[in-house]
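Both complexes shown next keep subunit A, but they swap its partner, so subunit B is in the first and subunit C is in the second.
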Partner chain A sequence: MTDTTSKAPPTPARRAAPPGRGSRRGVPPSRSWRDHPLRRITPWLFLLAPLALLITFTYVPVGNMIYYSFTDWDGVSPDRNVVGFENYTQLFTRPELFRVFFVSFYYLAASAVQIVIALYFATVLSFDLRFRNFFKGILFFPYLVNGVAIGFVFLYFFQDGGTLDSLLSWFGVGADHAWLGDSESANTSLAGVSVWRFTGLNFVLFLGAIQSIPGELYEAAQLDGASRWQQFRHIIAPSIRPVLSLSVILAISGSLAVFEIPYIMTGGATGTSTFVIQTVKLAFQFNKTGLASACAVVLLLIILVVTWIQRRLVPDDKVDLV
Partner chain B sequence: MTTLTTDERSTLRKRPRIGTALTYLSLVVASLVVLVPLVVVFLTSLKSSREVSDGGALSLPDDWLNFSNYATAFNDGEMLRAFGNTAFILLFSITGTVLIGSMTAYAIDRFEFRMKKTVMALFLIATLVPGVTTQVATFQVVNSFGLVDSRWAPILLYMGTDIVSIYIFLQFIRSIPTSLDEAARLDGANTFTIYRKIIFPLLKPAIATVVIVKGITTYNDFYIPFLYMPSEDKGTISTALFRFKGPFGAHWEAISAGAILVILPTLLIFLFLQRYIYNGFAQGATK
Partner chain C sequence: MRKKPLSAALLATAMLTVAGCGGGGGSTGEAATAPSDPAKASGTITVLTNRTDLVQDGTMAKYAAEFKKTHPKVTVKFQGITDYEGEVKIRMNTDNYGDVLLIPSVIAKGDYPKFFAPLGDTEDMAKTYRFTGKTDVRGKTYGIANFGSVNGLVYNKAVWKKAGITDWPTTPARFLDDLRQIKARTGATPYYTNFKDGWPLSSPWTNSVGSVSCDAKASDALATADKPWAKGSDLNVLDSLLHDIVHEEMSEKDPTTTNWETSKTDLAKGKTGSMLLGSWAVNQIRDAATKAGQDPDDIGFMPVPVQKDGKFCATMLSDYQLAVNTHSDNKSAARAWIDWFTEKSGFAAKEGGVSALSSMSFPEVLKPYQDNDVKLIERSEAKTEQVNAIDNASEIGLAKQDYRQKLIDIARGAQEGSLQDYFDDLDKRWADAAATAGN
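Here is the complex of A and B:
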């Protein structure tokens, strides 16, 4: 696992001699580093702080969360009773708690739209075009904008008689519409905001992948008379499959964990509450830490399962993180 | 169209002009979709409250130099303090992330030690746990340290959960030849000197990436400051802006000015560092 085959030039050398160890063949230092008592603990000195943070802020919470989910704790009082699976039964039998899951479908649909748009523009802008960098910048910029600011920008946008209504009236389409008024149109509008916000990230990822395709491939394809669509179908699409599958997994887990935009724009009103908004409210407004933890465990499990399925379906030979 | 590259010329010959026109049309439409909401908010920020209530959303402001809404937002919205808090958090969490990420990467890549695989697995599995799901329990941990409503809470959380930067450093450190370490060791340098004087300076490009990616995500984060720093004087720019909802209610001209104030630094940084930002995010997300 140490020797990943990435571009690292030192890899072959290191395979021959185990990495980083002091005494090289033929040069025995007066006091070998290898035998130094400090040597064994040195890596741990470097890892002390990172591991402490990792365990304190990731593993301890996950462990606690699983434990809390089996209790009736309110998050404040010193006593908590283990209630077994009661929180989970509540979660799955009270439809109003489970309903928030369906809001995710709006965001899933939005993710699909977003990936298609990003793919189109990444393809188009990877060829020579005038003002290419200008368009690139414009498409990516929304991703960098502060979420709260985006929330306000679009609250104003969707207002009665606001930007969208005014624009539509230019085209003679009926004027006032309460875009955030009913559940369906509110969720569609919010999902639209998420397309606006996140398309840029996917676009940049795709663009990077497309540009790493060697140019000779296109030249050869053009000599053979391949159309733009054929080039996309046979050269671009296969080359960016790893990035595409990464985007899909980010999209699914992102859609399940939507919080910011709906919380800022509607506070979860008119049926726009998402799973995370509900969890946060249960935990911090209604003091139902036990139930909230059960929600979080379910969400975590779903995301882990999705990731696992994705890894199975698209075995990604390029994943060699460590 | 005088400067066609050969590449372009050959595609143009094969493709009808109308295709190119449609391509540009789609780009212009997309740009409008991106820009119109932002521009409208900018226009609103320059209007007086009467203009906002009487005129349509797309009307132009009477006085293009009416910055009074910015003054209101900046002063009444306590934006200066918010920028200060954000800067404080940025400084410490970025420094911490860089140090922790590079130290972890150094230890994992350059040493053989028992349980190395376990340590790597710990970091790897942690990437699968989405931060938002565990906040309910993380809150209790932070609370038990007495750090809720302190600026150290977000700083610790940003430092401790950034696995992405560890991977960026790890990828990069692999490309630094170990022979450099060994030469330094022969000269009598110890491990810490090697890390400090050899590895760390060579990591500059990776550090730039991490600083940019971490900086922008920290600057924009809403969730963590919102949960962990409820009191008003500890607001970051995200939470301070969020509070505009209350006092400014329907005063869209002030809210718009606040939003523009928050967006402006991002826009400037983006314009100056464009290329690095693209690369940074592409690298950060694919690791």
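Here is the complex of A and C:
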């Protein structure tokens, strides 16, 4: 490619080639690789591998899942009958199947906390500060730890007389509490673990966005006498809005689909069951793969709808600071 | 124009996927019969097992080497699977699930002929083997038990002695009294639920159905019961006992963070008084005692504290059953392995289980049962399929942990409700499910 382009004489006329052709440096049509018969499929050849993977591992399974949701399949038996919308009817006529969504509010509240913490640290650490990179590392580290390991670590942490209790006892707080013992404190504790784990991710996203703000803006603001808060309010917040709204979308869909942390730590006992845990139990404990697939489809639709509403409320407009 | 290559790619991948998943031919129905001459049986067989520990420490390889002495042309390979149920279930959607495997509990009994090769007529098999009823489908047997186990309470004799108790409690009320004494006099946790790990709440308790009424068919009766938790029924007595233990705070203080491995050591060291388990657990806890520097003989085994007509009864039921994959190319070699493993390996005795061979005597672990005239009843499996169907339809999960976890939560006040309300709710769910499933 470099060969052909370098040979092309950069005449002014060619430079003014129609923009639709894509290239600023035009080439003589007669000798172009673009006219090769294979040219049109070349991009598809490159795309073949990723598309094959994407289709095999994403779209075909989703298609299968949608198909299963219309059957009474138990997950192993070679026989399955198509039962139409029976699974969906059942799902919507059994309120207890939706009650578990209330647990999501704990995680939703936790996500709000998480975003605020992440935003605060991202802002602070985007200014010149001693040990800045060290703190960045510390904040991001929890996100790198495997979710299963986190589950186990915090199981010991919340144990009766475990790490948290002994920590509290140093400060003289009555330390003898079964943190996972009743449903409110269990859910709060689990949501706390989720904040611990995912703050790092939000933090890095925000930090990246903040650091892409041109430094002159701060300088100008400082000359105008803007305080740190005013800088945040009028420079940082508007410029990271797309990332912020992305984080909110991720937080909401994440809260609806919480799974790992409660599944590993409590297995959904003591009122910590979430919609996904319930789905997994329907599929693998009670062999109702059909009904569980219907649950999964409904969850997918709920998340799509929530995201759509969010995009309508907060349109993804261009950030234009300068 | 732009769409063409995409659709071609889509089509290609779709075809690839279809081709990849199109396995799973029908079952042949061919029986897995033992080779007439062990020396002539040949082939390489893969054995799926849930005992990853025995695969890793080489115990299984030793068995295979021993087997090779009599069957020189057969090579046995093992695949230890940690999440046995979950993984094998998915593999069973293809033809490739080993030659010999343990029948996952998720497979409906009626589907056995689709997945496994018949091992013989049940009538004949029952003469030599125990527990054949569990895998009997229309007169053919599809599995031979790994071993069987007897249900009961594993307890620390030293702790009970320290509390001044010498006799086995004969009623739930006496058992609760004993636990109170243990709590008051020894400071040990009288009973350990293993709430977090869950399975110690499901199988040992549900498997004891039959111990209360001393009826081998108590479990079958659930298929037609409209109120399985009615007063005096097996499930009512057992679940009430569990409820009372927890309600009177005689179990561990924070059940949500329990740990099975630790619980074994705790029982061995006398920090815990008792746990309801199967006889298989006794040897494991004795091992734990030896490792912790305690006397393994302190670990005792007693029946569920209920008597019927002045006698203790204990249910005896089969562990996983070994079966031959119906798609296996080496069925006779696979059968030879099962036969050898059951008859010659000594595995059952080593695990403290009851051998599947009716000619073999009971393991040493069960000696106190025999000395005290505990009646062992082999649980009938005639209606297991219907019971499981109702159980799944009702989403109660008799053999799952969730419903007893909720029972414990109610007992310790972590969830609202009373025991009777909960039983009523379970009864209703069971009856509703029975109306639609299982018949």
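Throughout what follows, the second predicted complex is superposed on the first by the 267 of 322 C-alpha atoms of A that agree within 3 Å, B and C clash if a C-alpha of one lies under 4 Å from a C-alpha of the other, contacts with A are read in each partner's own complex, and residues count from 1 in each chain.
The rule is short, and it goes like this: a residue touches a chain if its C-beta (ideal position, glycine included) is under 8 Å from a C-beta of that chain, and two chains touch if they have at least 3 such contacts.
These numbers come from a predicted model, not from an experiment.
Of the two partner chains, subunit B and subunit C are each touched by A:G75. In the superposition on chain A, A:F232 makes contact with neither subunit B nor subunit C. By the touch criterion stated above, A:A186 is placed in contact with subunit C alone, subunit B being left untouched. In the overlay built on the shared chain, the residue A:T56 is in contact with subunit B and with subunit C. Looking at the shared chain after the overlay, A:Y88 reaches neither subunit B nor subunit C. Contact with subunit C, but none with subunit B, is seen for A:A269 once the two complexes are overlaid on the shared chain. In the superposition on chain A, A:F101 makes contact with neither subunit B nor subunit C. Note on subunit A: of its two partners subunit C and subunit B, the one contacting more of its residues is B.
Legend: residue contacts after superposition of the two complexes on their common chain; A:L47 is shown touching both subunit B and subunit C.
Once the two complexes are laid over each other on the shared chain, residue contacts for A:F286 go to subunit C alone; subunit B is not touched.
Shared contact residues of subunit A with subunit B and subunit C: 40, 44, 47, 51, 55-56, 60, 75, 156, 159, 162, 284. Looking at the complex, you find that subunit C touches subunit A at residues 1, 5-6, 8-10, 12-14, 16-17, 24, 85-86, 89, 92-93, 104, 106-108, 111, 114, 195-196, 198, 253-257, 392-393, 395, 397, 400-402, 405-406, 409, 412-415.
Looking at the complex, you find that subunit B touches subunit A at residues 5, 7-8, 10-11, 14-15, 19, 23-24, 26-27, 30-31, 33-38, 40-41, 44, 56-58, 100-101, 103-104, 106-113, 116-117, 119-120, 122-124, 126-130, 132-141, 156-157, 159-161, 166-167, 170-171, 174-179, 181-182, 185-186, 191, 195, 216, 219-220, 222-223, 227, 237-239, 241-242, 244, 252, 255-256, 258-260, 262-263, 266-267, 270, 274, 277-279, 281-282, 285-287. Residues 40-41, 44, 47-48, 51-52, 55-56, 60, 74-78, 155-156, 158-160, 162, 178, 180-183, 186, 266-271, 281-282, 284-288 of subunit A are the ones that touch subunit C when the two sit in their complex. Across the complex, subunit A meets subunit B through its residues 1-2, 4, 6-11, 13-14, 18-22, 24, 27, 29, 33, 40, 42-44, 46-47, 49-51, 53-62, 64-65, 68, 75, 117, 120-121, 124-125, 127-129, 133, 135-149, 152-154, 156-157, 159, 161-163, 165-167, 196, 201, 204-205, 207-208, 218-219, 222, 225, 227-228, 243, 246, 250, 253, 257, 259-260, 264, 276, 279-280, 283-284, 289, 292-293, 296-297, 299-300, 303-304, 307, 321-322.
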